[in-house]
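What follows is a group of structures, each given as structure tokens.
Below are two complexes that have subunit A in common, paired first with subunit B and then with subunit C.
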Partner chain A sequence: MNYRSYFKSEWLSLLRRKQDTLNALLFFVMVITLFPLGVDPSSEFLSPAAGGIIWCATALAILMAVEGMYKEDYNDGSLEQWLASGLSISILVFLKVFAQWVMVVVPLLLVLPLLAQMLFLPASALGVVMWSILLGTPALFFIGSIGAALTVSLRRGAVLMLLLILPLYIPVIVFATGAVRAAQMEMAYSGQLAILGAISLVALALSPIMAAVSIRASVN
Partner chain B sequence: MRKTVKLDIKNLSIERGERDLCCELSFSVQSGDLIRIAGENGAGKSSLMKAILGWVPIEDGELIYNGEDVTQHRDMLLQDQLYLGHTPGIKNVFTALENLKLYCPDKSDRQLEQALEEVQLFAFADIPAAQLSAGQKRRIALARLWLTDKSLWFLDEPFTALDVKGVSVLEEKMAAHLSEGGAVVITTHQPLLHLSPKVIELSV
Partner chain C sequence: MNWTWFHKLGSPKWFYQWASNWGGRCVYVGLALLLVGVVWGLGFAPQDYQQGNSFRIIYIHVPVAVLAQSCYLAMGIAGFVSLVWQMKLAPVFIKSVAPVGAIMALIALVSGAIWGKPTWGTWWVWDARLTSVLVLFLLYMGVMAIQNALDDQVFADKAVAVVSLVGVINLPIIKYSVEWWNTLHQPATFKLTEKPSMPMEMWLPLLFSAIGLYLFAAGVSMWRMQTEVLMRERKANWVKKEVLEHGI
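Then we have the complex of A and B:
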């Protein structure tokens, strides 16, 4: 096994298990469609709330996608082979998260313009929402990968993982929706976007190391 | 010929959940050796193997590999070994060939197919592993033994789910590996038919 062959196989396995990614996307679409039906379909309510609705749906969809990201590797012994391969677990984690991120976020960005229309999001704010998703979601994936690695050996680890990582999602959601709100009020939003990018970079630097430690502890 | 190896395990103690799995265990593995770790269920055979490879913590003891202390960092040892565990890392969504390609990226398709032929899986090369039996999945993993140039093999219960023919093919491969100067550490409950290993006995 080397990094290249691993990345290729990770990609292939994501493509083979399309339904998992599709589930997350479908969930995202459903939350956003149900919101106006459940609360208030008028544009006076939806237009200012759109950024928040989109971001909550995104965070939940990503939680769904990352929760079981190592489950199969754990069950079929692949994680043991990671350790036996002598490769850096952190880099393997990074490659896995990167592949997952592309698989979930790209389709999500593609359906977003349509959903934004449904929520009466002003066209001027759509770009900011997309930037906030591009800059903020890597943090959600990387933080989620730590939780998934910590709970991979537990039979019912999903709830524990939610409790562990949801608090860490809050800053990302706060700054992301803050950026969208600022844009809608025609104020400067670059500061919030910069902080989102910074959070993602910190998560990128730290979480592969922490996930690798968790994987070592889980596999024995 | 394979790279010559010598692994000395000195006074190894492993504890797991308040229970001593082994205490002050010493043995050495070198080129041409076949070591069988024996013991009842739960005696700690797999744990001993994982402790040597470094992902079960050891309480006490030293590992010396080719004269260097690898107790803290197993990288040197990991480079020269091939480990197949209880669940040997075969992905259900991949075909037999794709599974081998992941682990042996530098081999040509022809070589991979040849290895599958050795384990009688050539006809199944393009079928997803999910549709194969437990024994066939294990054969995919075992096919790696035909493709590798590593000297030190750690095989945890490799005979599980194999049929009689499969067992004898694997034994022949192990014998060939030993004669090329390789070494094998194996855990198994089945007696080996043609090979006579050194036995390390673990007690519960």
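Then we have the complex of A and C:
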């Protein structure tokens, strides 16, 4: 096994398990549907709240997608192969997270214009929402991968993982919705987007190391 | 530089004996200072010209809130030590301090709510500091939850170290993000680098109760660590001797 072959096989197996991607997407749509039903369907409420609603749904959908990302590898012994392969676990984690990110975020960006319309998001703000998702979600995936690696050996790890990871998502959500709000008020929003990108870069640099430590401890 | 103290800290036996000398002292001196600070603050310090008597809760609220943050910082450092140097006592420290810090965060939230009612008119506002203490409390809960969920000791220690280290890296980001998001709370009371903005007779009791609370928490943590060390080293000879000599 080398990095290239690993990435290829990971990519192919993700492509062939389309249901997982679809599930994350459906979950995203479902959470968004709850807001008009549960709070208020009028455009006076939805239009200013749309950015926040989209981001809450995104964070939850990504947590759901990330939660199980090592489960199968743990059960079928692939993680032990990682340890035996002599390759850097951090880089393998990076490749896996990257593949996952592409598989979840690209479809999400594709349905986003439709959902934005349903939430009465002004067309001028749509671009900012998409940029914020593009720049902010890598952080969510990388931070989430630590939690997934820690709880992979537990049978009921999902709730624990949510409890561990969700507080760490707060800065991303704050800055992303801040950017959208600034755009809706026709103010400058590049600062918030830059911070989002910075958080993602820090997460990209540090999380694979922590996830590798967690995987080693989990497999043992 | 002399590093013996650092290496000694790696030995549970040495720590146990050191803590049996210092744990009790810390707790009692801390309690005494806390009592002095609180009585002085609640009974004798002058009233605030704006908030009247209601400001007096500061003598509980501020030390508790500061301690809640310090405990998490200490846990993060211990997590780093545990992962890098694999020191035996670091995970014991994290496990023992987490509940102390969680309780401090909870008291800070409750006393803050009680203070908020007369000054802001509501029990809770979605203000930066309140929210970040709430998040801090949730982080503590996460550390304790994963501690309880994992049965394997070695794995649990690693996991807890990772979680506290990641939490500590995130804590300032969370703090600044919510601060940027919304601020109503008055600025920090304690600043090491600046002269205190309140008069001496209001500030001194606060210092007393803060130092007292720190000592108290340190002593209680030592006690908790001692218990944990006895648990973990129960097969070692020195523990058997210790128990036979002094009982439990």
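Miscellaneous remarks
One rule holds in what follows: the second predicted complex is superposed on the first by the 220 of 220 C-alpha atoms of A that agree within 3 Å, B and C clash if a C-alpha of one lies under 4 Å from a C-alpha of the other, contacts with A are read in each partner's own complex, and residues count from 1 in each chain.
The rule we apply is simple: a residue touches a chain if its C-beta (ideal position, glycine included) is under 8 Å from a C-beta of that chain, and two chains touch if they have at least 3 such contacts.
Note that this is a predicted model, so its numbers are computed, not measured.
By the touch criterion defined above, A:G178 lies against subunit C but remains apart from subunit B after alignment on the C-alpha atoms of chain A.
By the document's definition of touching, of the two partners only subunit C reaches A:I199; subunit B does not. Look at A:N220: by the touch rule set out above, it reaches both subunit B and subunit C. In the superposed pair of complexes, A:W101 makes contact with neither subunit B nor subunit C.
In the superposed model, A:L163 makes contact with subunit C only, not with subunit B. In the superposed pair of complexes, A:Y189 makes contact with neither subunit B nor subunit C. In the superposition on chain A, the residues of subunit A contacting both subunit B and subunit C are 220. Within the complex, the subunit C residues that touch subunit A are 83, 135, 138-139, 141-142, 145-146, 149-150, 152, 154-155, 158-159, 162-163, 165-167, 169-170, 173-174, 176-178, 180-181. Residues 47, 50, 53-57, 75, 78-79, 81-83, 85-94, 98, 101-103, 105-106 of subunit B are the ones that touch subunit A when the two sit in their complex. Touching subunit C in their complex are the following residues of subunit A: 143, 146, 150-151, 153-154, 157, 160, 163-164, 166-168, 170-171, 174-175, 178, 199, 206, 210, 213-214, 217-218, 220. By the touch criterion stated above, subunit A contacts subunit B in their complex at residues 1-2, 4-6, 8-9, 12-13, 16-17, 72, 75-78, 80-81, 83-86, 216, 219-220.
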